[in-house]
Amino acid sequence: MTTDALLSARKVRKAYGSFVALNNIDFDLPRGERHALIGPNGAGKSTLVACIAGQLPGVEGSIMFKGREVARLMPAELAQRGIGRTFQISRAFLQMSVLENLISANVIASGRWFSLSKSLLCEASDKAGEMLSTVGLTDRAQSTVADLSLGDRKRLEFGMALARDPDLLLLDEPTAGMSIKERHHLMELVAQRVDETGKTLLFVEHDIDVVLKIAQRVTVMVRGGILATGAPAEIAANEQVQAVYLGGHH
Amino acid sequence: MSLSLRMSPGRWAALAAAVVAVELANRIGGPGMSLVLAEMLILALFASSLNLLMSYGHMVSFGHSAFFGLGAYGFTLMVTKAGLPVEAALVFGPITAALGGLVFGALCVRLTEIYCAMLTLACAQITFTVLFQWYDFTGGDTGITGFMPARFGMTEANFATLTLVVLGICLAAMARIVGSPLGLSIRSVGQDRWRAEALGLAPRRVQLAVFVIAAFFAGIAGTLFAVSQGAAFPDYAGLGFTLDALIMVVIGGLLSFWSGVIGAVIFSQLRHWGPLVTDHWGLALGIILMIIVIALPHGLASVAGKLSRLLGWEGRK
Amino acid sequence: MITRILTGVSVLALTAGAALAADAIKVGYVTGLTGACAPISEDGLNGSKLAVEMLNASGGVLGQPLELVIRDSQTKPEEGGKQARELAAAEGISLLTGVCSSSVLLAVTEVAKEFKIPHLAIIGSTQKANIEAYNPYFIQTQANATMEALAAAEYVAKKSEWTKIAPMGFDYEWGHTSVDAFVGRLKELRPEMEIADPIFMKVGEQNMGPYVTAALSTNPDAVYAAVFGGGLVSLIKQGQSFGLFAKSNLVTLLTVDTLQSMGNAMPKERVFGVARAPFFALEQTPELAAFIEAYQAVYNEYPTDWAINGYDSMMWYAAAATAAGTTESDAVIAAFQTGSFDGLKAKGLTVRAFDGQMNAPAYVGEVNFDPSFPFPTMKNVEKFAGEALMFSEETIQAMRDAAK
Amino acid sequence: MIWVQLVNGLMEGMMLFLIASGLTLIFGVSRIVNFAHGSLYMLGAFLTYALVPLIGPGSVAGFFASVLLAGLLTAAIGTAFEMLALRRIYGSDPLMQLIITVALVFIIRDVVRWIWGANSVMVPAPDALMGAFIINDTYYPVFPFVIFGAGLVVVLAMIGIIRFTRAGIILRAGTDDRGMAALLGVNERLIFTGVFASGSFLAGIAGGMAAPYGDVNYLLDTTVIVTAFIVCVIGGLGNLYGALAGAMLVGVTKAMGVLFFPRLSMVLIFLIMAVVLIARSLGRQGGPAR
């Protein structure tokens, strides 16, 4: 296994009863890389992300993160170790305002969830304020999540994921439901942020243009396995990929 | 009305008006009225503690009365068994309840939704059974009486005022918690535990914290109730009190800080005056509840909310 | 049922209506109109109402009419305590009575003490109220539960052919104290008697099968059951199919209400029962006849033990107040503790100041189907005088000290 | 004696199953925690009490006919409640549904007391059912076996429902997928009404069957409901076979408990429930896959 890998998975397998969602996945992710996961629906992209984030029980195989075995850890522990994620079906605190969501994220990030101190709240809200502008939701600060457009929810979730300033950012279809313009805008924002902070990005994306533009390397998944990994150009050129991927996807 | 408690000047005014109204009724309504009010205020505290669990922690409890009962007995037994002076024993009510919350909570938060609720029911029934059967220690079904003059011998009116003050302090404390980072963590886990977990929060710890806090305040209510009666009975931990509190919180309208209080005021007044009006109180209560639930699926707080918005008391939430 | 209540109320209204003009003596009547006590509470209330009508019809007490201020305790101690407290604090009542169930009785006793108001027990009968929780304002106008258990023991002891007894009871204070008292007295009277370990079942238990089976496993000559109401009904019905009445006998609490509920489902023999005031076995005085007639006229059913208790206690309160010449609490209590009282239950009864216990008798008899009644009654009913059943003052003092 | 006790236990178990089956069926399909289930049970008992004298008293057939009719009437009342009240709030918070069933508890209890009074009533049962087989001087009561038979019939009917009806499909479709019915493209409301009706029917006949054996009074509702919940939870809410197993476990444990540790009898079943739930919690539950 490559020592400079931030994340490296070996023989990762996840089955739901007889259905094998992930089949002996070997996967390496070097530090500072922007990596895209692509593949037709049901290829296991989201499952892989969920495994890495520790959401799924009964995962076989090994997942090393920062040189430590993390395959059996709970999501909270992984988050504390530097994995931040967004969900394909965006998850946020629905009965809170956008601002409150970000404040909560920062409170949790502070590790002092049990605190009663107002000052912590102030710090958290300052940070939240900055994030609002980072993800461009300043004008929606007071509206509740329920009222947000799909795109705005994705932005919010991205902002929340940044709260811990994670070393590995997992974005599951971060641009689903956005207009093309929005997609590029958000992902450029993400890329920029990741590069500035020298973090690593793994994202699931269907929009090939976005992938080609943002990703430094791409992994193609099919039926729970990895079909190919390589630079965007190679992947784009790969007939196998074109066959399966274009065949399988819309 | 909303979970994040913003007190606009209008709200303060309304609150002040309510307090004054209660105290006035207490002073001019005669001792009978004072007793009714005292009970109402105690139930308001009890219901609010459940509301903390339900509206903020998004956990349903079918066994909240366990903590009411533990509060009452924790206090009473300290007087009768440990021989503490009544005033000193008071603190042990809430403490016992909080410990109960710690134990039961540790078990219950391992489960989700209905199963969690059912386990709370089991815990409460076990508590009730122990209080009911452990004759030598708890006095069994005949409970514990004669260990103190009811209300410390205060006049009915003064005791009602005391409960009003205690309720005020407890609500202030709850408001402080709700508005703190802890409050946000609680709401986060309640509203989306997976999101909270992905942000690095261990949901069960937070849920356990809510359990203990809710149990603590329920314990204060239970202790007050034992004081008001000068007695403790296993019924305090029975299904009846749980259902009452549930009804109060729900008709009070979930997802509002004031649900418990509003629900308690309406429900306890209904229940007090109803039987004096009709022989078929059960029938009447049932129908009233149905109407409320069907007509106001979001509870009475929603009405209060609309009202206050009409009166321009609160801005957009 | 409905009509019964209505007629009851209307008659009360008619007679009381006129009298209420004068300022009435208010009687705080807290009873379990709903909840576990509902069946018997209603009977007690009916008896008391009748007494009040008669008293008011004949000019009331001390020239003032009596007025029952009725509240439902829902058979919950906290509710009963609250209701009693409100009556005492706000309604200016001169008497508390009507209470059913041990826990409510104790809750109300506390209120009576707090407000220094006489408290006449007519249904609830835990010995705790006479012993640990006693206060001078408490008066038990019937044989308390322990005395009943002792009466049962006395009765069983006389059955020389019985050598093995299996006691059982509801798993709460009443069940335990009754069983303990019964076993204790029986051991004194018949040291050689084999007494099995008592069996206790959950209050409100529906399926008595397992308990009957366990009790019969010791082949007892008789089963003593401190069980009442629905539980007793289940016990008797299910007992039959387990051969309880073929192999053994049952000694339990048989008040008229139970006899009425059981009706023909009652076994023809081998059932023995303790009662507090079985109208058919009482001394058949003209007063009793008149009462039964009046009672049937209003409620068109026979008066149960509780109805008679309710009637007696109101009459006795009237007598005590008249003797005292006032409704002032301490004077009334004094009158109770010094006077002698004639009632339907028995005559010449007195109250012991030490624990407020009236030396009321307990009746024990054997089930009987008398064609002149629409429900089973009892035959060979023995009357056990209260004195013989009351603990001595020393014993009580000892128990009080122990409870401290 | 152990054997008689076993019979007692199994009989109580089957009785509990009769009660719990309807509750768990309703929950499994409509996700409603029906606090009024005990009240419907009580209603069934009182209706049987009212019907037996009208329909052949003393005859076995007459008794069963009465029970069946009582069950149908209870079902009718349950259905009316579902259509007039419950249905209006399917959308809103589940707690609202809970409270509205609690409201029904208050109503039924008051009405029953209004009509039949507070005293226990005797449901006359044909002597044929109330007797006992006597095998070398040990009495084996007939009635438990009757209950058992009735229970078996219900079990078979249940299997039928689960196998062959859409409600069954939803049941099997797994407990946590509320959208399932919609996906199946069936009229959810119709199914909910049907399920509530059958649940009420089961409660009704359970009450009717038990009526002659025990005492019938207007407080039966609460006595029954808590135990019913426990049974359902032990068996897994919405799981009918589980309910059967849970009922038997509780019934037998109670009966044996009387012999071996009587003092615990009251807490015992709650302990079982708690243990089962805690055991259930030991497995780590997974998060959302996507």
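As written, the chain order gives the labels A, B, C and D, with residue 1 at the start of each chain.
Following the convention adopted for this analysis, a residue touches a chain if its C-beta (ideal position, glycine included) is under 8 Å from a C-beta of that chain, and two chains touch if they have at least 3 such contacts.
None of these values were measured; they are calculated from a predicted model.
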So, comparing each chain's Cα centre against the centre of all protein Cα atoms, which one is closest?
B
Taking each chain's centre as the mean of its C-alpha atoms, give the chain farthest from chain B.
A
Intercentroid distance (Cα basis), chain D paired with chain B, Å:
32
Cα-centroid distance, chain C relative to chain D, in whole angstrom:
36
Rounded to the nearest whole Å, what is the centre-to-centre distance of chain A and chain D, using the mean of the C-alpha atoms as each centre?
48
Centre to centre, by mean C-alpha position, how many angstrom separate chain A and chain C?
74
Chain D: positions in contact with at least two other chains:
113-114, 263, 266, 285, 287-288
Tell me, which residues of chain B touch at least two other chains?
132-133, 194, 197, 282
Among the residues of chain A, pick out those that touch two or more other chains and give their numbers.
55, 74-75, 87, 91
Per the touch rule, the chain D residues reaching chain C in their complex are 1, 4-5, 8-9, 11-12, 15, 113-122, 124, 130-132, 134, 139, 141-144, 210, 212-215, 217-220, 223, 254-255, 258-259, 262-263, 265-266
Can you check the complex and tell me which residues of chain C touch chain B?
5, 34, 72, 76-78, 81-82, 85-86, 89-91, 102-103, 106-107, 109-111, 113-114, 126, 128, 132-133, 135, 171-173, 176, 203
Residues of chain A defined as touching chain B within the complex
53, 55, 74-76, 79-80, 84-85, 87, 91-97, 100, 103-105, 107-118, 120-121, 124, 142, 144, 160-161, 163-164
So in the complex, the part of chain B that touches chain C is made up of which residues?
30-36, 39, 132-133, 135, 139-143, 145-146, 149-150, 156, 225, 229-231, 233, 235-236, 240, 275, 279, 282
As the complex stands, chain D meets chain B at residues 27, 33, 85, 88-89, 91-93, 95-96, 98-100, 102-107, 109-111, 113-114, 222, 226, 229-230, 233, 237, 263, 266-267, 270-271, 273-274, 277-278, 280-282, 285, 287-288
